[in-house]
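Read through the structures below before going on.
In the two assemblies presented below, subunit A is common to both, partnered first by subunit B and then by subunit C.
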Partner chain A sequence: MLQLLLIGACYTLGLAVAGIAFGTVLGLLLTPLSFVRCRPLRALYHVYVFFTRGTPLLVLALLIFYGLPALNFSQGPYVAGTIVLTIYSSAFFAEVFRGGVLAIQRTHLESGRSLGLPPLAFLRRIIAPLALRYALPPYVNVCVMMVKASSILSIISVWELTLAAREIIERTLLVFTVLGIAAAFYFLMCFGVDRLGRLAERYLMRRGFVGEHA
Partner chain B sequence: MISIEGLHKRFPSGLEVLRGINLTIGDGEVVSLIGRSGSGKTTLLRCINFLEEYDAGEIRLDGAVLWYRTGVGGVRTRMPGPAIRALRQQMGIVFQQFNLFPHMTAMENVCLGPTFAHKRPAAEVKDLAQRLLERVGLGAKMRSYPYQLSGGEQQRVAIARALAMRPKVMLFDEITSALDPELVGEVLEVIRSLVLERMMMVIVTHELRFAREISHRIAFLSKGQITEIGPPAELLDNPQDPALKEFLRHVR
Partner chain C sequence: MRFVNWIVVYGPNYLSGLAWTAIIALAASVGAVVWGGVLLLIRLSGGLWTNLAVETYVQLFRNTPVLLSIYLIYFGFPLIGVVWPAVICGGLALVLQNGAYISEIFRGSVKTIDLVQFDAAKSLGLSAWGTFRKVVLPQVLVYGLPSLGGQVILLLKDTSLLSAISVAELTMNAKLLTEQTGAAYEAFVVVAVLYLLLVVCLELTARFALRAVRWRPRHDAL
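Presenting the complex of A and B:
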């Protein structure tokens, strides 16, 4: 039983990591849209974020699970599950990164402009590192959320920790024991994500990124 | 030489912050801008290197018109980005605070401009940065991050970073206002050394004693206009404009 739950936890972790990784990439691609001069693109960004964030994860999961085959793209529950997590997290990540950019001190931007840095160097050397630093705590926050959100995927027959727990309960009726162990696994995974975030923060602090704007 | 003619600027709120500024700054000249807060002195300084847009008027550097182009039919448009960047590289600006990039050491801050804007070879840039940091008295702190430096040291690095671009003019916006009193001296010392090198400078300041010491001319701004301008002794000891008299009474 414990072994089965452990395997389930590994699946959960795999799904969460995949969702976070793809979601981060998609989020990073989306964030710049919110800052471009072109109004329709900015509107597109906000509409995407609005709808993705405003849809319950369960609804999004069902929509994609049943929607993909309708589009003649059915690759099984795991692909569908990863797509769900990617889309869902991308909206949150994009907003987190946007917040990071907005947190940059005006004088830091003006210093960069007054040095006459070319746009790419400006983005790579100043905006990206500062924005990502400011975005780190809320980023970790969303990551923790995603680990737990993956449990929703059990509804669309993605076998992971929650679905494993439900199967075992159906056979053994040990409701509280099994759910307790599953909860403990979720806790451990979230705790790990949180620790990783702290480590990253401490590393960056040595590289000059202090908590406050100094 | 910088010449400013008929500069007007209105904030989006409708406030007319600059109402026809005329000012010429010669090569090697140091001009201080003084005035009450809200008089437009900082805005004027920021217009010079186009951190602020302005609505009418002209700024020239060595005769060439900056920032805007007037096309056929008198349509005024911003210059394209690369042209603006090239012009900005000829001016250094130091702000009141938060000048340095927190994720870069003093050395990296100074190297940034020459490396990416001038695209000069790394060894040469490093050499230049080292000399500049030694010059502002921070040869021993080249590897320090901004948070490890005092406010005065940060401002000196900021000056070195601006100098690394070999600017034709240096713009200072109240650069000692956020410093503890005991740190002001070391920053002003660096500016003094620039005066000796005949660097063209425009300085927004509240330190009247310092302005008197280093400026060739002081301009007093009131409600978006330069109401009096002249050599420090004349302007500070024998003010004519009633607003200036009032200002000096309050400052002393």
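Presenting the complex of A and C:
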């Protein structure tokens, strides 16, 4: 029984990591959309973020799980689950990165512009490091949220820790033991992600920190 | 065109689910705020061990998914002889989970209360409970209002998980409709729009509440 839960925890972690990875990529592609000069594109960004963050994850998951086969894309629950997590997290990540960019002080941007860098170098040398440091704590928060959100995928029959726990409960009725162990696994995973985030923050602070944390 | 057709034919089916979702969300948020207040009171008035207990409770519920809490109460309570209807079990799980988050919000708000006020309360002869009731509680509720609004919206989205223990709310409605009619996505798109409408209503209420209490950000806000 413990092995089954352990394997479920590995599936949960895999799903969460996949969702986070793809979601980060999608979020990085979405964030510039909120800064373009074309107003309809900015509106599109805000509509996407509002729709994705405003609907419950379960509704989104059911929508994609039942809707994908209608588009002839039936690859199974794991792919559907990863797609759901990707879309859901991309909205949060886009807002996190956007907040990171907006948090950069105007003085830094102006002094950077006075250097006369080409746009790509400006992005690489000035915006990216600063935004990364401002965005890291909420980014880690969203990652923890994704680990917990993967449990919701159990309702669309994605086999992971919560579904494994539920199956065991339905057969053995050891509710408190099984759920206690599952909760311990989730706790370890979320706590681990949180600690990793703090390590990353400390590493970045050693490489050079900006801000008024005096 | 298809959607208009769908809404005309199946619209009324959603109404009961919508009502249930709204009722559960409202009741659970009131309960969560009350429970968060109780946790705050315990934290403010306790010693080292009670503080540790509350901290453990909060960390436990912050790092575990809501679904586990819902399953724990729904499947576990009947084993110890407490048989409650699914709505109560789900509502209790939501209250416990969100109460932990709300007590954290309150804890942050308490830090923004000037220490002078506690001295003034003591000089007025207010007891600990009196200070809590007259000084801490009103300010904490007002300072935490934006975060509380966000937490209530999160609670609304978490009510959709109650469909997993077959509570007849909005998401359950959508699932049943999909199974009955075989339509792939119309049911869920309409439900998503309904949830978004609820979220917009909540956001408008939060904005109205902020204006009603004349909320201003604190100058020394961290």
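As a working rule, the second predicted complex is superposed on the first by the 210 of 214 C-alpha atoms of A that agree within 3 Å, B and C clash if a C-alpha of one lies under 4 Å from a C-alpha of the other, contacts with A are read in each partner's own complex, and residues count from 1 in each chain.
Definition applied: a residue touches a chain if its C-beta (ideal position, glycine included) is under 8 Å from a C-beta of that chain, and two chains touch if they have at least 3 such contacts.
These numbers come from a predicted model, not from an experiment.
Engineer: Which term applies to subunit B and subunit C once both are placed on subunit A by superposition, clash or fit?
Structural biologist: Overlaying the two complexes on subunit A (C-alpha atoms) leaves subunit C and subunit B fitting together cleanly.
Engineer: Who does A:Leu15 touch here: subunit B (first), subunit C (second), both, or neither?
Structural biologist: So A:Leu15 meets neither subunit B nor subunit C here.
Engineer: Using the touch criterion from the header, give the chain among subunit B and subunit C with more contacted residues in subunit A.
Structural biologist: C
Engineer: Now for A:Ile156: first (subunit B), second (subunit C), both, or neither, which partner does it touch?
Structural biologist: Neither partner.
Engineer: Kindly classify A:Ala183 by the partners it touches after superposition: subunit B alone (first), subunit C alone (second), both, or neither?
Structural biologist: second
Engineer: Tell me the contact category for A:Pro129 with respect to subunit B and subunit C: first, second, both or neither.
Structural biologist: first
Engineer: On the A-aligned overlay, A:Arg166 touches which partner chain: subunit B = first, subunit C = second, or both, or neither?
Structural biologist: A:Arg166: touches subunit C, not subunit B.
Engineer: For A:Ile87, decide between first (touching subunit B), second (touching subunit C), both and neither.
Structural biologist: Touch status of A:Ile87: no partner.
Engineer: So, does A:Leu33 touch the first partner subunit B, the second partner subunit C, both, or neither?
Structural biologist: Neither: A:Leu33 stays clear of subunit B and subunit C.
Engineer: Pick out the closest CA atoms of subunit B and subunit C after fitting on chain A and give their distance in Å.
Structural biologist: Checking C-alpha atoms only, subunit B sits 20 Å from subunit C at its nearest point.
Engineer: Check subunit A for residues that touch subunit B in one structure and subunit C in the other, and list them.
Structural biologist: Shared contact residues on subunit A: none.
Engineer: Could you pull out which subunit A residues touch subunit B in their complex?
Structural biologist: Residue list for subunit A touching subunit B: 105, 107-108, 110-119, 121, 125-126, 129-130, 133, 204, 207-210, 213-214.
Engineer: Give every residue of subunit A touching subunit C within the complex, in rising order.
Structural biologist: Subunit A reaches subunit C through residues 50-51, 54-60, 62-63, 66-67, 69-70, 144, 148-149, 151-152, 154-155, 162, 165-166, 169, 173, 175-176, 179, 182-183, 186-187, 190-191, 194.
Engineer: Given the complex with subunit A, which residues does subunit C contribute to the contact?
Structural biologist: Interface residues on the subunit C side: 59-60, 62-68, 71-72, 75-76, 79, 156-161, 163-164, 171, 174-175, 178, 184-185, 188-189, 191-192, 195-196, 199.
Engineer: Would you pull the subunit B residues touching subunit A in the complex into a rising list?
Structural biologist: 49, 51, 81, 84-89, 91-93, 95-105, 112-113, 116-117, 145-147, 158, 161-162, 165
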